[in-house]
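Structures incoming, each one as structure tokens.
Both complexes below contain subunit A, partnered by subunit B and then by subunit C.
What follows is the complex of A and B.
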């Protein structure tokens, strides 16, 4: 039974050659499906990109480790769709680098959190969850309201995202800092530019309730309020299925 | 093979190598492991035939069983929809009076209401609906926009100061910030409001001054008796409940900065039947169902 194996073990080059052949089978099986990715990832013409403020918020979401307790993927299970809304589609994460699907739910799934609660709720809840939900075990993130948002590197963040395929325009990259400011200050002259570059559907609000200051809270709440609403593809898929 | 040599003690073949007089046995792998290896390999091959697996030139191989998780979940959702149809159509088509009088609907509300409320409403109003600072007590306090079931359902549907095009809109002016009232006047009003809510009783003179201020500034929205008006969503100021807090500082802040609370609109996120079920559940929490 081992005759072939005994022979090949005695030939150095032969053994190397067969190791390469066997290892590439594994590689091929992992890589080949990517050639058909167009088949498995839906298209969404209405997909919009994250604004600079939302990108900053997403970075804070990663920095604070929110993904460790909150997933952002509604699975194709009846109870999940009942509780959280239409199941997640691959296309909805196509501008997420890295994706934040998560693998553990200590808290609820956040894939469709956008516009579910008010900005004021998010601010109070992030500052101290037990002010609103006495039974909550989520940590309090008190520094979010205190710390000023770092914006000077936002253009670089957008440029990096463009390098991996997010369609930001030169204009959007160049104006990232003022667009972030404009989004959180709807009465400022910068706000018109944000709306023009990112579309009228963009939330322009004083997210953290402090009009004069751009805080980490502004960015994080702006991000949380667009979760699941970058495209309507999931809602369309669900309704198409029912008909 | 030329190197084969059988060990005389164990009866097994050796590898044929010798190190300082020590030889190594070449004992075959136990049969059980072979069975395991071969059966799992066969299973894997069969499974790739049954399930969506191999990539091809024109898309991927969809598997002989034709399993598709998205279709599966849509089918189970449609099934759930059909199971619920018996009562969900009734919830939407019949009026609240009939529904509230039907014991089977009431028992349904008591079963299906709590998880729906916990998933969607409890984050702000609390699990027992008794409210939080900034989010009214909807189990006990008078409802700002009215406590008729149809009104409650409509409030859930469109929200308050929400993004919905038909959203209810309500804003209390910032009397202090916008310099309509001075600090002294705000303090007078705050004391008066605390008295209305059952706080310490004011002296006659102070009350007279505050009543004039109230009539000039507050009565337009809150009503001359301070009991609020449901069609503008102004709260009753004479009951013992506070939305934002009843300490003097918070009351002064409310008058100084104004208030504009937000309730999200639930149309789209919740189905019409779910919205009406929640309205009934809120009524039940308020003790309005038999």
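What follows is the complex of A and C.
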């Protein structure tokens, strides 16, 4: 063994080749099968895609680094299920490019946050968390209500998401801008199109409490309110796996 | 810098910088309605600045042919200064975000001052800015000394060093504007990632071209680690950053993978960024500077072989321990746990090899703060790898995951191991690289050592405490079978530890400021004559294989 090494360490290309081979094995064995073994991700017939407004909201969540303090992955542990709800399934984040499972809970897990609080609660809380939770460590995101949401490139966003595998239809891509507006303005003519293309269960509301004006707050609250409700698969699954 | 270039190199540099300006302008125009445009202008400005510097020095006389008989250390000198500057940026941002967790109202309603945007400035600033510059600077030095060959040319090391720092600036300024892929330690967006690949290919080429001209038949162990660092980081970086941009005029991209596959790829990357950036590269540093400073050969050549290949093979399996009890299939979690535990063997072989090398030189460890930095780094490396294997066990991880314990673990490694070995290497390098007789003040090195050690201990103990308390509070039930504490109860319990953590970080930052002052004062001392390049080789019986 050491005699062999004596020769290898005299050859730069030999070392390079060996390092690449030795380092590649682990990843190949652990990652490649995740794409081929069917049981890795459950099937959920009712799984729906994010609306354009929710996509925009998710991007604000990413922009502000929310994932640094909030996980979106409830583990199969008794206390987590009691605290946050049914444990997370792989299928629930199967349209999440990238996933936001997170690695740290400075704040609580958000995987099942959707419809837990009212829109008004979220708006107040995001504007200044300490108005509602005096001990909170979360920053006050006052600019979310001030800044108008950028929507002009939403069709490009949906098209890019389709390129990586999210099943958006041509109509959904073409109407992304109107659909975003319609979702936050339920009384507008655009709202009917949003409901038609994304389903009756879609939340159509003035999320930020400011009619007509589409803000970053609209998008972020729309996203937070859909967390955990893209599919009912987790609720239907047996809780046998809890440890 | 321009004076070191031959005429051909000056022409090549002008072409490269011209290309950079064009690329920047293209980004600025295509991304005029997007934050991409801001980065386009920044890149064009950087290119323009370099272009003018090059034009101004174009007429300088060409460097004499005698330079080829000497090592080329100018990029290392600049790299050492950049290491310290990024260290202060990264650690300063770290102190600030630590304070924000204690006093969140210090955001002052300014978006780029908020925790979520500053936190990656801290992590990237320290890992890539401080750590990366230290690795590039020392690797150029070690490579030349251990091969007895000069770097292949003058232009490519500068391209790597400055190109890499451009990447760091794009990354950090992007976070402040809200540009991030959200994947931890892989936050920079697609165009920055592509640029880093270009820089990295040139970095690898420097290594291969220098090795091809080496006058030592054997490739020294430090270079194995630097090579593993360069190669594996390239693999990790490319795979984990596969993404589709929204358009060529948009900074935003969507990761190619989703959900569970994306999570596994991310933590395969994330954990091996720790392995091959923060461990392999710095082990390379340790294998050269620690035996040099101690004046002792490496204790065991065989141990270094076993630990090198053990680390290279096993680390790549360990990433899934970041995903225990999640939606990742159980078999992957179990594989990750098993390899993480076995990983302790090569890790302790490295730490042990370093400490046993110091046998017979412990009096130097007592007297010389520079060597003490490196000895302490080896001890922290041993502690942290033990803790890491322990935390990878599923049952332990159920308590530690998502808590501050992980943060404590990371900082035991980053402060105790990575930064300490870097400071040790830096203090040994600065006098020789700048041809000064000695470091300006040994007393200040001593002060820095104690500030760094105290800061690390305060930090790590604070996070161990808060992490374990947090984990226990989250899972405590009362006699009626309901959870005893609300989430906010646990957050309130963290408050004193968050203050202690900020204090620990501040002490460490003060130490780094001391280092910067000491290095500046050293450079301001008068230069001495040339020194004996033979003295740069590792101590003799170091690596004569098969003995």
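What we mean here is this: the second predicted complex is superposed on the first by the 205 of 243 C-alpha atoms of A that agree within 3 Å, B and C clash if a C-alpha of one lies under 4 Å from a C-alpha of the other, contacts with A are read in each partner's own complex, and residues count from 1 in each chain.
Just so it is clear, a residue touches a chain if its C-beta (ideal position, glycine included) is under 8 Å from a C-beta of that chain, and two chains touch if they have at least 3 such contacts.
In this text, all values refer to a predicted model and were calculated from it rather than measured experimentally.
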{"item": "Which of subunit B and subunit C A:205 touches, first, second, both or neither", "value": "neither"}
{"item": "First, second, both or neither for A:124, with subunit B first and subunit C second", "value": "first"}
{"item": "Which superposed partner A:67 touches (first subunit B, second subunit C, both, neither)", "value": "second"}
{"item": "Touching partner for A:132 - first (subunit B), second (subunit C), both, neither", "value": "first"}
{"item": "Partner chain(s) touched by A:40 [first = subunit B, second = subunit C, both, neither]", "value": "both"}
{"item": "Touched partner set for A:236, first subunit B, second subunit C, both or neither", "value": "neither"}
{"item": "Contacts of A:81 with subunit B and subunit C, given as first, second, both or neither", "value": "first"}
{"item": "Which superposed partner A:116 touches (first subunit B, second subunit C, both, neither)", "value": "first"}
{"item": "Touch count on subunit A, higher of subunit B and subunit C", "value": "C"}
{"item": "Which of subunit B and subunit C A:6 touches, first, second, both or neither", "value": "both"}
{"item": "On subunit A, positions contacted by subunit B and by subunit C", "value": "3, 6, 35, 39-40, 76-77, 82-83, 87, 133, 135"}
{"item": "Complex interface listing, subunit A residues touching subunit B", "value": "3, 6, 32-33, 35-36, 39-40, 76-78, 81-83, 85, 87, 112, 115-121, 124-125, 131-135, 237-238, 241-242"}
{"item": "Partner subunit C, residues of subunit A touching it in the complex", "value": "2-3, 5-6, 9-10, 12, 15-16, 19-20, 22-27, 29-31, 34-35, 37, 39-41, 59, 62-69, 71, 73, 75-77, 79-80, 82-83, 87-109, 129-130, 133, 135-143, 152-153, 156-157, 160-161, 163-166, 243"}
{"item": "Subunit A-touching residues of subunit B, taken from the complex the two chains share", "value": "1, 55-56, 59-60, 69-74, 76-78, 80-81, 119-120, 122-124, 126-127, 132-135, 162-163, 261-264, 269"}
{"item": "Partner subunit A, residues of subunit C touching it in the complex", "value": "33-34, 100-101, 104-105, 107, 109, 111, 114-117, 119-120, 175, 178-184, 208, 211-212, 217-219, 224, 227-228, 231-232, 235, 239, 243-247, 250, 252-266, 268, 276, 302, 305, 309, 312-320, 322-329, 332, 335-336, 339, 398, 401-403, 406-407, 474-475, 477, 482-483, 487-488, 491-492, 498, 545-546"}
